[in-house]
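Before anything else, here's the structure in question.
Letters A, B and C name the chains as they come in the text, with residue numbers starting at 1 for each one.
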Amino acid sequence: MRICRNLSVLVWVAVVVCLTLFSACTPRGTANHSATREITDDAGRRVDLPATVDRVISLAPNLTEIVFAVGAGDRLVGRTSYCDFPAEAKAIAEVGDTLHPNLERIIALKPQVVLVSTASQLEVFTQQLQGQNIAVFVTDPHDLEGVFRSIERIGEIVGEKEGANLLVQRLRERTNAVEQAVKRRPPVRVFYQVSGEPLYTAGHDAFVTDLMRRAGAASVTSDVPGAWPKYSNESALAARPEAIILPSGGSMGEANSNVAEALRQSPAVLRGRVYKINDDHLARPGPRSVDGLEEMARALHPDAFK
Amino acid sequence: MTSTASEVVASPARPHRVTLRKTLIACAVLAGALLLAIVLMALLGSEQLPVRASLCALASFGTSTCGLSQDQFDILFQIRLPRILLAAAVGGSLATAGAGYQALLRNPLAEPYLLGISNGAAVGTMIALVFFGASEWTRPILAFTGALAATLAVYRLARGRAGATPERLILAGVIVTTFLSSVIVFVTVLMDATRIRSFTFWLLGDLSGTSKALLPVTIIIAIAGALALTLHARSLNLLMLGERDAFDLGVEVGRVRIVVFLVASLLVGSSVAASGSVGYVGLVVPHLARLSLGSDNRLTIPAAALGGALFVIVADTVARTVIAPRELPVGAITALIGAPLFIYLLRRA
Amino acid sequence: MLEARNLTVAYDYRIAVADVTLSLNAGEITAIIGPNGAGKSTLLRTLNGQLPGSSGNVLLDGEPIERLSRRTISRRIAVVAQEAELRFPVTVLEFVLGGRFAWATHSGWGWETERDLHVAESVLRETELSGLSARLMNELSGGERQRALMARALATEAPILLLDEPTANLDLSHQATLLSLVRTRCDRHRAAALVVTHDINLAAQFADYILLMKQGKTIHAGRPEEVLRPEILQNIFEIRVLVDAHPVTGAPRVTPVHERG
C-alpha cells in the first residue's frame, strides 16, 4: 500500500544518506592534520610525518641499531624479536619477527612511524599499516652509501639530525681510512659463504658485496644476479678463492662455522685463510657495517693495518 | 562371441604377454640408456670441462686424470658424479615406490608425494636433524619411520566399509600431505634455519648435498628395493586386478601388502633423507612404463626403476645448468616436466 | 571334496550363516538359492577360506581349511566372482594366465611355462574367447568379460568351482553357455561346482542338488524336484509360485504369480 511503499523508499534514502555522511565523517588521514613534513623513502614513496616524532617502531634489527645509534633509543616503542643490539633494545616491547610482525600489537603501541626494511618483504604489510594511518618508512640500502643515507634520513625522522650527521661523518672517516689502506694492494679473491649445505653466497645485489669491494676483496660471485643465490658446488670449486668469509656467530650462533665441502681443497682453506666474522656486522645494513668492513679488511690485508 | 572363420585364421600369432626375454631386452636397453645418461650428464655443469679428457677420465674410472687439472678432476669425480649417482638412486627409488603403491592400491594415481608419504619421511628426517643432528645415520632411519607412519595414517584414513577405494585413498593422501606440509613449514619457520633446511628443500628437493657416507646406502637401498618388489611382481599383477581375486588365485595378500609397504617406505625414506621430496617421479615414470610396456609388473617395475633414475638425472642436470652458476631445486623441474606430461598421458588414456 | 559341517558364521553381531552342513561331490553341481541376505555369498566365501567360521568346520579333502596354505587352497578351489576390477590395461590372455599363479614354482615371481600357456589356450577355446585373446579386458562386453572370468577359473585346473552369481550380467544365450561349461567340466573332468544364483530356473536345469537358504539357515536341501515345490518356495520367498515341468527338459519350472491389484 502507498504508506508502506513510501516508508520503504524513505528507509532506503535514509540508509544512503547515512552511508554518505559516514564515509565523509571517517577520519581520513588524521596524520594530515598534524603532518607538517613530507619525506621520500627508499622505495620512492612520499611519506607524511608529524613535525615531531616520539613514537617509532622498527621492524628490522639494522633499523633498531640505527635508531639507537643516532641517539633516539628513547623514542623507540617497538622492535622485532631479532632486534638484540644494543643491549638496551631488549627492554623494548616486541611486536613479532621480521617476516610476520603482529599488526594488532603495532597498532596498540600507537606509533607515529614504522620503519621497514624491504629485506623483510613487507609490502603487503605496509599497505595494511597505511590503512591504519600509520606512516611507514621503507629503507632499502644496496651499498654503504645507501646505509649512510638511511642513517641520515632516520635521524631526520626522529629529530636527531645532528646526531645522525655526526655519526655518518665518523663512519665515513673510518670507511675512508680502510679504503685508503687497502688501495694499493691487489684485491683478494674472496668467496662469501652464506651457508655451506646447501651452498648459498652473496650475489650482485647483496649489500655485503659492496662492503667486500671496499675492504679490498674481489668477490668471485659479484656478477651473479640476485642477492643471495643458491650457488653451484662446481663453480665454487672452480673459482679457487684465495680467502673465504664465513659470516657466523652473533645472532647466528654456531651455524655456518664450517666451510662447504666443495671448497675444502680451495687455496683459501689450504692456506688457512678462512675468516669467521660476526654475521651481525655483515648482514645488518647499519652502523656496525663499518665494523664488518674493518674486520674484513684487517683479515684480508693484515699488513696494511700494522 | 561367434567364432568366425576369419578369427580362427587370425589367431595363430601369440598375442602380447611379457616374457623373460622381453624383460631382459627392455631392461638392457634402459640400463644402457642410463649408463649413457650418466656419462653425458657428467659432461654438463656450470663449469665447462674438456669433453675428450673427461670421457677418458670417466672411462678409466678415475684412475687416470687424462690431462684434466686437479680442479677439473675434482669437479668431475667429487661433485658431479656423486650427484648424478644420487639423482639416479633417488629417481629409481621413487619410481619403484610409486609403481609398488599403484599396484598395491590399485590406483594409477598413487604416488609417494601425493599420498603424503614423502612428507612423512621429511618430518622424520627433520626430527633426526633436530635431535640427532651430528649422526647422519639417524636420518634415513627416521625418514623410513616417518614414511611408514604416514603410510599407516593414509591407509587407516582411507579404510571404509567398502575397503580403501581409490577415491578415499586419494582423499586421505591429500589430507595427510597437506597436513604434513603445514607441519614442515611450521617447524622450518620456527626453528633455526641453520639446523633444519629451509622448507624449499623439503618440499622441492635438492641434490647438491651429497653425503659421502649416505650415497652408497641410498644406491644399495634403491637397487635392493627394486629387486624386492620385482620378486613380488607376479603377486602384484594379480593384486592390481582386485584384492579378493588375488586372494582367490593364491596370493598371500596380507603378506604382500606388508612387504610392499615396508619396501616402499624404505625407498621413500632413503630418498627424502638424502635429497628432500622430489615430486612427480613416482607418478609419471611408472605411468609411462605402463603405457609403453604394458601392466605386467615383472617388466614395469624394473623399467620404472631404470626410467626413474634416467628422469631425475636429466631433471637435475637441467636444474643445475639452466641458470648456472645458480641452481634451481630439482623438484621444480620434475614438476615442470612431470605435470604437463601427466596431463598428456591422462588425455591419451 | 569340499564340505561344511555345522558351519556357523557370525560377524557384526549378526549370524550370517547358521549351522549349515553341505558337501560338494565330484561331478555334481550344487546350487544355492535364497532371498537377499540369506547368507549365500557369505557361505561361499567361507567355503573358500576367505572368511573364518565362528563354529563348525570347513574341510577340504578332509583337512580343516584353516590349516592349509593359500596356494594349496587355490589349486583345489577356484572362484568365479561377479565383477573384475579392471583399472589397469591387461590383455585377455594375461588375465587368464593369472589363473596359473597357484602353480608357479616361486610364489610371487617366475614366468609362465609352456604348460601354463597350453592350459590358457585350451580354456580360451573352451570359453570361445580365442579370437579375443589379444584384446584388452576393458574392451570386452559384459558377457565376454564374464566368460574371461570363467576362463581364468578354469585355467587354475581346480577341481572345485565356486561361482557367485555368475549369470547376473549375462543375456539369455550366455547364461546357458556358461552353465553348460560348468556342466561339461563336472561331467568330463569330475569337477564339483557350487553355484550361488538368483535364477531358480537355471538352477533347476543344471544343478544336481539345490540348497534353499533363508536368513542363514538351510531350509531345504535335495534334488531339484524335491526342493522346488510351491509350499517350500512360498515359505522362502513369500510369494505365490506355480511349479510345473519344463516342456523340453522336464526340469521343474518355477513361475511366480503376481497378485493383480
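Throughout what follows, a contact is a pair of C-beta atoms (placed from the backbone, for glycine too) under 8 Å apart; a residue touches a chain by one contact, two chains touch by 3 or more.
Small disclaimer: the values here were computed from a predicted structure and weren't measured.
Touching chain A and chain B at once is no chain at all. Across all inter-chain contacts, the pair with the most C-beta pairs is B-C.
Averaged C-alpha coordinates give centres for chain B and chain C that are 42 Å from one another.
Computed centre separation for the pair chain A/chain C is 78 angstrom, with centres defined by C-alpha atoms. Annotation for chain A: no residues touch two or more other chains. Chain contact summary for the complex, chain B toward chain C: residues 1, 3-4, 7-8, 10-11, 14-20, 106-108, 166, 230-235, 237-238, 240-242, 244-245, 247-252, 256, 290, 294-296, 298. Touching chain B in their complex are the following residues of chain C: 48, 50, 70-71, 73-75, 77-79, 81, 84-95, 97-99, 101-102, 104, 107-112, 117, 128, 130-131, 133-134, 143-144, 147, 152, 156, 173-174. Those residues of chain B that touch chain A in the shared complex are 45-47, 70-72, 74-75, 78-80, 83, 189, 192, 194-195, 197, 201, 206, 208-209, 320, 324-327. Taken in their complex, chain A has these residues touching chain B: 99, 195, 197-199, 221, 224-226, 229-235, 237-238, 240, 252-253, 255-256, 261-262, 265.
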